[in-house]
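Shared chain: chain A. Partners: chain B in the first complex, chain C in the second.
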Partner chain A sequence: MSSKRFRPDVDAPEYHGRYSPYDIIKEGTIAIVLVGLLTIILAIVFGSPDERAITIKTWSNAAPVDFATTALSELNGTSGTAQYGAPYNTASTGQQLGPLQLSKWVGVRIPINTVKDFVISPLRAMPSQPALRDALTQWISASTSTQDAWVANYTKAADKLTFTNSVVTVPAANAGPVPIFINDLTQMARTGALDQALITESGYYTTDYTRPLLFLADGAYLESVATKQHLLGTQWGMMNETGSYPGQAWLWLYSFWYQIPPFNSSWGANADVLVWGLMMLLSALLLLVPFIPGLRSIPRRSRVYRLIWREHYRDQK
Partner chain B sequence: MSTTEIDRQWTTRLRQRATGKLPPEKLLPDTQPTYVASWIYVFGVATLAALIMVIVTGCILAIRGPLWWHGSVYGHFVNSLHLWSVEIFFFTMIVHLWGKFFMAAWRGGRTLTWMTGVVTFLASIATAFTGYASQTNFDSQWITTQAKDGINATGAGAYFNVLNLGQMLMWHIVLLPLAAVVLTALHVLLVRVKGVVPPFAEKVEVHS
Partner chain C sequence: MAFFTALGALVPLDHFGHYFHWHFIYLSLSNLIIILLMIATFLAAILAPFPGRKSRKEHQ
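Take a look at the complex of A and B:
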């Protein structure tokens, strides 16, 4: 070291001072006891939140029109999932980090076809109902352009969609089997059978909720419940949890970027990937602080260490 | 058997390296330099204590499976203990992080200590996130359907599917805790190997 120049932000001076007794095991034991007590007190005083999960059943009973409209958006390809792009489908390019189309390059790894997976397959799982069976046969034997025309005709009248006497009605002409689909899917949802159908589409044993969650998230109901709990992205979003709990407060910097321009304005369309990119860059900077001139001098320049080691410096004088 | 043969054994060489780097009196020292006397040093140990609480409460939650706590008063209380020990863990860790930053505690060959710390911090964030995703309640529905867009936008969502409960639970209770614990062990051992970083040399010292 003597031959090399001493770099104050990289090298540590040698210590020739005094040593005092230090009982590391006792300190550790006291720490565990105190942290344990504090945990118990906080748990008793504040508890923890546990709002029941929403089901498609609760959704379609609480907001049948929203459900039916969402079901239509799965069928006519306007839902969030239908238009998502990778990893679910190829409907859009997805977000871009400058010229990098990261998600598109990785491709469709969790294929979701909203027409088939969210509407037709569940309906086919329904126990035999003559009208529905005929409607499905009509759909399957029709050409794609006929299917599209039916859906388009239904969609045109969909702003007059009503739910009265437990039936979904739309004043649509030439909509083929679509009115039966939307009504029967709504009925199915209200009994809870759609939850089951979506969860078990990939088999009897399952731990994968991708489909029912995507369907739920396409509707307005999930968001309306979240809004009541102040959980929207514009309300600092997912770093919070229900109730007045601190949640993932450590995500504040991540959530912060979504609250300010340009991420919430001109860069909005690619906000997710930009915020993620930025956070990765900042994490890398934190990891590499010891190697970055300027950054690594902040501690010495700021002189906060005078406070931390004030007794040491007082002793020296 | 000649002594040289014993000396050349892998076992012997590993032991000699280990005890050379970390003799018992360094692993469990009974004295510390007098500068190790600030309240800021409490936070590393407190983080460790909180991590132990997190793991113990998590293990209790694991015994009866992921749905138990919804229907049991005792289970819900254990969940509260798990939540609050996590909050304490992050609080103490972040104070520890900034404390070490302002001490420039990477000096004197301690860069690896700093870097294992930062990686532990990032791994802990992922662990907590997957924990929220594994709650099987409204919070997990909302948090995962929100978070999927961020992760999907990076391309990682294709493999790390936050809507797949089984996958999130496995990461939360196996892979990430394992990483966090191994990293923490490495981190603390590195601190013991290197000793606690000395204060910056002040001009005063040169004069006296």
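Take a look at the complex of A and C:
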């Protein structure tokens, strides 16, 4: 009977050395107690980030012109959400992994029509506003081409948009009910009613903040706050936290790819899915280390184990 | 109010701190400290002697 050849990194040699007792319960208990104590001490000394949430109310009071301009972009279809594609609409192809149009495969799972969901429906929820009620009736009874013409006329003059004496003013002619919409939506936002209207569009009791968050992200205010707080993606993305609190440093590899070419240049449009694909590939390589010749030999060839178990190897000598 | 103030952190980190910027690497000092501590812990796990070494040797 021929003996099988011993394959390093695959076969385990039979151990003939001495054994030492090891109490895993004792070690686990010590680790939990120490980490628990450390957590309590660090919480007492440093606390935790306590930033107030940014809402549409905060935004529209701090930067009413930016809010009104963003509201117009929702109405004329130029906002980030209006042009995003899946899962909100079919305006663009979305993220692609090479020839694979993954976003299209997922489809429109959270349908959002920015005109209806961000402007018209919230305004319809406003009670006892005769001028607004008439404006909405005028909008609904108009043809699509007329609506488009009103919005286009307002958009042409939008670079002269001002917020004076708590009123949004634009010197636009033939804009139909659009000036009333933009002004009333801004007033609604400043009271906090728009936050509530956008949340309750998908049900009375809900924790779905998709719509207000998308609306916020379409404006310039959120990005300006993020810039001030060093929270932009260009600043090592997921590793950031507000103030001087440390972030999720262990996610550095995921955020690292966004900082270098081609992910931040020619591949930028599909960076999210490409970085995800690359990380899945690297994760698969890590999981399959025992099966990959060469890669699985690194622990044996690097001899780090001899450093850890140096006492044992010294005794063997 | 004073009660809640007393419950607050002894050293709050809400202010903006220092940032380390070198080419495309741009991270906060606090993140850098955490990363260095993680590396130090990793090196300690490899290089620090196992506890109980002396008592084992005496036992032998």
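By definition in this document, the second predicted complex is superposed on the first by the 313 of 317 C-alpha atoms of A that agree within 3 Å, B and C clash if a C-alpha of one lies under 4 Å from a C-alpha of the other, contacts with A are read in each partner's own complex, and residues count from 1 in each chain.
To be clear about the criterion, a contact is a pair of C-beta atoms (placed from the backbone, for glycine too) under 8 Å apart; a residue touches a chain by one contact, two chains touch by 3 or more.
Remember, it's a predicted structure, so these values are computed and weren't measured experimentally.
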Which superposed partner A:L286 touches (first chain B, second chain C, both, neither):
first
Have a look at where A:W252 lands relative to chain B and chain C in the superposition and call it first, second, both or neither.
second
Partner chain in contact with A:G47 - chain B first, chain C second, else both or neither
both
May I ask you to decide whether A:I308 touches chain B, chain C, both, or neither, giving the answer as first, second, both or neither?
both
Going by the contact rule set out at the top, does A:A149 touch chain B (first), chain C (second), both, or neither?
neither
Thinking of the overlay built on chain A, is A:T242 touched by chain B (first), by chain C (second), by both, or by neither?
both
Identify the partner contact of A:I199: answer first if only chain B is touched, second if only chain C is, both if each is, neither if none is.
neither
If touched residues of chain A are counted for chain B and for chain C, the larger one
B
Just to be sure I read the superposition right, which of the two partners does A:Q316 touch: chain B = first, chain C = second, or both, or neither?
first
Is A:H230 in contact with chain B, with chain C, with both, or with neither (first, second, both, neither)?
second
Same chain A residues contacting chain B and chain C, which ones?
20, 43-44, 46-51, 229, 241-242, 245-246, 249-250, 304, 308, 311
Chain C residues touching chain A in their complex are 8-17, 19, 24-31, 33-35, 38, 46-47, 49-50, 53, 56
Within their complex, chain A touches chain B through residues 8-15, 17-25, 27-28, 31-32, 34-36, 38-40, 42-44, 46-54, 84, 86-87, 94-95, 102-103, 105-107, 109-110, 206-210, 213-214, 216-217, 222, 225-226, 229, 231, 233, 237-238, 241-242, 245-246, 248-251, 270, 272-273, 275-277, 283, 286-287, 289-291, 296, 298-300, 302, 304-305, 308-313, 315-317
Note: in the complex, chain B contacts chain A through residues 28-38, 40, 42, 45-46, 48-50, 52-53, 57, 69-70, 76-77, 79-85, 87-88, 90, 94, 99, 101-104, 106-111, 114-115, 118-119, 122, 125, 128-129, 132, 135-147, 149-155, 157-159, 161, 163-167, 169, 197-202, 204-205, 208
Contacts from chain A onto chain C in the complex sit at residues 20, 43-51, 229-230, 234-236, 239-247, 249-250, 252, 259-260, 304, 307-308, 311
